[in-house]
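Residue numbering begins at 1 within each chain, and the chains themselves are lettered A, B, C and D in the order written.
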Amino acid sequence: MTEIGIGIVGGGYMGKAHSVAMASVGAVFGTRLRPRLEMIAASSAESAERYRAAFGFRRAAPDWQALVNDPGVEAVIIASPQGTHREIAEAAFASGKPVFCEKPLADTMEDARAMVQAAEASGLPNMVGFNYSRTPATQFARKLIAEGALGDITWFRCEHSEDFLSDPATPFNWRCSGRANGNMGDLAPHPINAALALTGPIAKVSADLETVHAERPGGTVDNDDHAQIMCRFANGAMGHIYSSRIATGRKMGYAYEVFGTKGALRFDQEDQNALWLYEAEGPEATRGFRKILTGPAHPDYEPFCQGPGHGTGYQDQIIIEAKDFLEAIDTDQPVWPTFRDGLAVAEVVEAVMASAETGQWTEVRQ
Amino acid sequence: MTEIGIGIVGGGYMGKAHSVAMASVGAVFGTRLRPRLEMIAASSAESAERYRAAFGFRRAAPDWQALVNDPGVEAVIIASPQGTHREIAEAAFASGKPVFCEKPLADTMEDARAMVQAAEASGLPNMVGFNYSRTPATQFARKLIAEGALGDITWFRCEHSEDFLSDPATPFNWRCSGRANGNMGDLAPHPINAALALTGPIAKVSADLETVHAERPGGTVDNDDHAQIMCRFANGAMGHIYSSRIATGRKMGYAYEVFGTKGALRFDQEDQNALWLYEAEGPEATRGFRKILTGPAHPDYEPFCQGPGHGTGYQDQIIIEAKDFLEAIDTDQPVWPTFRDGLAVAEVVEAVMASAETGQWTEVRQ
Amino acid sequence: MTEIGIGIVGGGYMGKAHSVAMASVGAVFGTRLRPRLEMIAASSAESAERYRAAFGFRRAAPDWQALVNDPGVEAVIIASPQGTHREIAEAAFASGKPVFCEKPLADTMEDARAMVQAAEASGLPNMVGFNYSRTPATQFARKLIAEGALGDITWFRCEHSEDFLSDPATPFNWRCSGRANGNMGDLAPHPINAALALTGPIAKVSADLETVHAERPGGTVDNDDHAQIMCRFANGAMGHIYSSRIATGRKMGYAYEVFGTKGALRFDQEDQNALWLYEAEGPEATRGFRKILTGPAHPDYEPFCQGPGHGTGYQDQIIIEAKDFLEAIDTDQPVWPTFRDGLAVAEVVEAVMASAETGQWTEVRQ
Amino acid sequence: MTEIGIGIVGGGYMGKAHSVAMASVGAVFGTRLRPRLEMIAASSAESAERYRAAFGFRRAAPDWQALVNDPGVEAVIIASPQGTHREIAEAAFASGKPVFCEKPLADTMEDARAMVQAAEASGLPNMVGFNYSRTPATQFARKLIAEGALGDITWFRCEHSEDFLSDPATPFNWRCSGRANGNMGDLAPHPINAALALTGPIAKVSADLETVHAERPGGTVDNDDHAQIMCRFANGAMGHIYSSRIATGRKMGYAYEVFGTKGALRFDQEDQNALWLYEAEGPEATRGFRKILTGPAHPDYEPFCQGPGHGTGYQDQIIIEAKDFLEAIDTDQPVWPTFRDGLAVAEVVEAVMASAETGQWTEVRQ
């Protein structure tokens, strides 16, 4: 076992999640690289110090530059707002450090492309944070599809629905402004990533976006509340993606259905430890969707618990990410999803925005 | 109570269902008009006689013309293929008889429009068979929405998914040919009707159709296997409709979700006695989707059973239709959905076909 | 096809259900014997006349004696309170007529035993109304178990929970008095019948009964509100039965679980078209409870609908009973459950009452 | 913040879980006491060293005695087999250290009582590991009941069903011998604890136990496979508890239902992030069981994730235990469940064994 000094930029929602993950991943997965919580940075030295104490880091950084350049920091996790991702990532690669960057890769296509270039030029491990694809259930779904359990995919549907802005009386806040903070920037990347992971590249899209509650107490909203996307995949399959921040009653509605010639899968993140599988075989009378509870037979479950059906949770997804990032560093092998995979998601977002603008089917740049 | 002589054209899937419904509706609902199973017609005199005996009609008709013109037949139910609907309906109205016609109204727009004209010119009761909108759950959903329980509707999603052609090895049959027999002709009218009933008129659509399994043993398929439709409703709401006959594992996947500013509804016909309601009120900690079991507190349930949660089934929907048709005749009041409502569904189908052809958003003719 | 004159005693909850069933069973099942709704009796000639008109019978009987003795009545259905069952049944057998009797067979053990004797002495078809065992799902469950799909049964749990008396403020009514009207008399026979049907004879019981709300506005309750029963089956399996009329929130909570060495079944009547099957075979990773939707592949489903997943309801159970009763008459073969089977249920009730009294395990008289 | 040196005895299933919990609890909950993974002991020095390296402890102990007496160990967690609990706990209290002990408290009643005495005599914090009562859902259930949301409890049902020994071909192993390793010793304490926590003390029980598969490859089983318990609670409520290690298909079937005069709750650990609440209020037509997804509005959820519906898992329960144990130490306040609460569970087990022996209702020693 070898120690590795971890630096995290950001101590909010995701900064905390990655801190906890780095504190426990060694014990959970018995990784060869053992994280040392070396340094944390935030928007000010004061807040960094607060996070340091709270999460158990050795040192607080005055700013992200100091963190990235510190010799004790051997790998960087970026958990600050997307507008900051590019320069932090570029600086980290420049100083020879692997980077894990929260989704979405960047604010703009230009930034996202630059980040991929920097990552690939550096030859260093790079990874983007699509945590929902790391539940044991969804990893297993991906495996089943890859192995052909569903036959040829004919229909894919995915949604990511939450309701944090469903009440028109909720005041204007930072999420209400800027394309990257809108539903397409913030939520849609998750189901788009699911689409790519489960059904493969998307060839073209036709999309519709809407700002349902344009006026809120305190300001005028300038980004989208929800969006729908009709897709044609490269393999010919049809699909639909919906994402929303105004879906009253839906809390973590990351849900997908995949239909194929031989079977089907259904999943809803609100019940993340169940995967529903239908196999078109055996007597008609005993066919049905099977509620498979995750357990040691599924990817990355056993390290959390020897017992099937005991279940993993949100935080565990981040621990799995941490394990994969450490392994990428340790083995110097790329790990899905890389920055390039993050860019592929951004390209779909780009095509969606264009299609919504023109009302036309729009090809996705590969 | 007064007897009324019923004539049914067709003794297949739906012809039987309407025969049973007419045999029991009086006892179930205590209708004032009491059906007498007077006459049944089919594609031949022989098959008509077989149906007569099986279902308990007094007489078999040599053909539908004889049935329509028979003085003992006082109301006509059309349960023969859509290609036959127009002439039977026109003849029935011409001889002064109310008509119930199975969905879809007709094979072509021209026929559908002619049928509406004939119906309205006659001033006679006319009704089209969208049975799924008659479950106690869906009737109640419609009522809740109309009363404003969900606030303003922001998102509507509906599907009708079955899998009777999901296996590519299923041989070519009559369903594989002719627009009216394809998914858009056969299945899509149900969810489109749900959209209109629950969220109101659709202003425009953008749609995608596909024949997934074009070659089947025995022939080349010339109609669609599945289709998706993005909608904008007249009230501004966004929506999506999907229908499929190749959705492996889905048997009666008529399912909808309606999201509004104050609440949401979810329903799946595969569990037709449950309606899921979320109300955005009360303490956050006790909010959730509520599984409401149908019971005497819901429309048209109590005549089937005094006990809540005891449940109604497919056949009961047809009995409810029968009751409503008899009441329309008895009171001489139009009953939803009339032929005009059936035409409204057909207009959406028409716009969908055009949009799928051009890849453009297409307005729905109102 | 041959007509058969049906006489029904009682026009309340179940009297109506059997009337509707007899009106539609011929068309649904194509039975050889075709019911003619000949005569109905009730507690007075006036109410009988009201029911006659409502349900479409030819004649109203002044009292049950007239009905039983009428030559036009060729089979008798008893849907009057349990206190009346014995004398009506005995009279019917005496005049040579097959009898269908609603559950429970009788008010007292003595009556139940006398009824079995009368039935068997007459050699006439006799049947008791445990409708819940006639859903396609439960018939299929029984078949699966009988065929060994679950291996040896190790644990059986069943409940029948409703909440019509859960509110202590509900005034005293006729259900609150008399053993036969209490939970053990009224509800428990259903799950006990399920236990016998699915797992076989019960050898001994240990039970607990309780009147939770002894004082109600208008009177003192003298029968039980809920009861639980530990069982040992003749085949060695352990089991538990619970029934309640005060289970707040449960509407039709007739639910069972059957565990065996090779698999398990779960069912809840509140979702009567789904049967959950677990088979302990195949790779661990894809095992799970399968939600089987009823369809044409299951017993007695197809006559109601050709489409799987379209679902049957409460009234359909009674139609299936009607079909089985008519077939028993037509073929002169006994059909489960006979009066003797109804007595077997009563013997369990008797043992439960004794056990609850003494606090001891009590053997069930076979 | 202050560091505290933690010593853990055992590095198996639960030893690992507590190690991970202690590594992450500080970052998750921001506890004032910050665990330092000081020392781990196991059945040999070698295995202790292996665990040390794997989980990130500073030192491995040659045996538990060394650990308990080490000055760097300031609190002890016992995660070794129940036969060892007593002497380790007594030694730890003797050296002035707070103790967290895995369930069940001990192998025998005598040991359990001695441990309570030692704990209480020491005046030191002591806690027993009933992790399932620490999910946000179950903590919230307890709170709802305590606040009277269900009114008076009338019926409580709980089960803990797994299937790790459901296959009769599974060879004899250590779990197959010794009362403490049987279903009653191993699994039943969880649902019994739930009963006490949710409904209060149990006054008397009547129980049935069974060894279903007495002969296994490699040996004769001498403890129970499953057991059922009828209860009367001190508050008068009736209840039933079932536990099983042979419930084919059930993986983590810790499930309960609590019915009261004003409402009801249902929960199943296999879907641990959902709590089903029925409130008997408002219009009948919109009543139903509500699926409440856990979120920041529920106890101990927010530290894991700011988003509702994102879910917690098995490991998180142990982190919550760790937080509560640290707080008990920090504040010197007892925290439920103490050793005395663990003894209360053992007293019920004791009464169950006696009842199963005699076939009589048996009072529970309080």
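FYI, contacts are C-beta pairs under 8 Å (C-beta built on N, C-alpha and C of every residue); 3 or more make two chains touch, one makes a residue touch a chain.
Given the structure is predicted, the values throughout are model-derived calculations rather than measurements.
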Subject >> Other chains in touch with both subunit C and subunit D >> reply: A, B
Subject >> Selected pair, greater C-beta contact count between B-D and A-D >> reply: A-D
Subject >> Length of the line joining the C-alpha centres of subunit B and subunit D, rounded to whole Å >> reply: 53
Subject >> Mean-CA-position distance for subunit B and subunit A (Å) >> reply: 41
Original post:
When the centre of a chain is set as the mean of its C-alpha atoms, what distance in Å lies between subunit A and subunit D?
Top reply: 34
Original post:
Do you know which subunit D residues sit against two or more other chains?
Top reply: 250, 287-289, 293, 295, 308
Original post:
Can the chain contact pattern be summarised as a line, a ring, a star, a complete graph, or none of these (other)?
Top reply: complete
**OP:** Could you pull out which subunit D residues touch subunit A in their complex?
**Re:** 1, 13, 16-17, 19-20, 23-24, 26-28, 30, 34, 53-56, 162, 250-253, 269-274, 293, 295, 304-316
Original post:
Considering the complex alone, what residue numbers of subunit C touch subunit A?
Top reply: 140, 144, 277, 279, 283-293, 295, 297-298, 308
Subject >> subunit D residues touching subunit C - in the complex, by the definition given at the top >> reply: 150, 154-155, 157, 163, 166-168, 206, 208, 210, 212, 225-226, 228, 230, 232, 238, 240, 242, 244, 246-250, 259-264, 278, 280, 287-289, 359-361
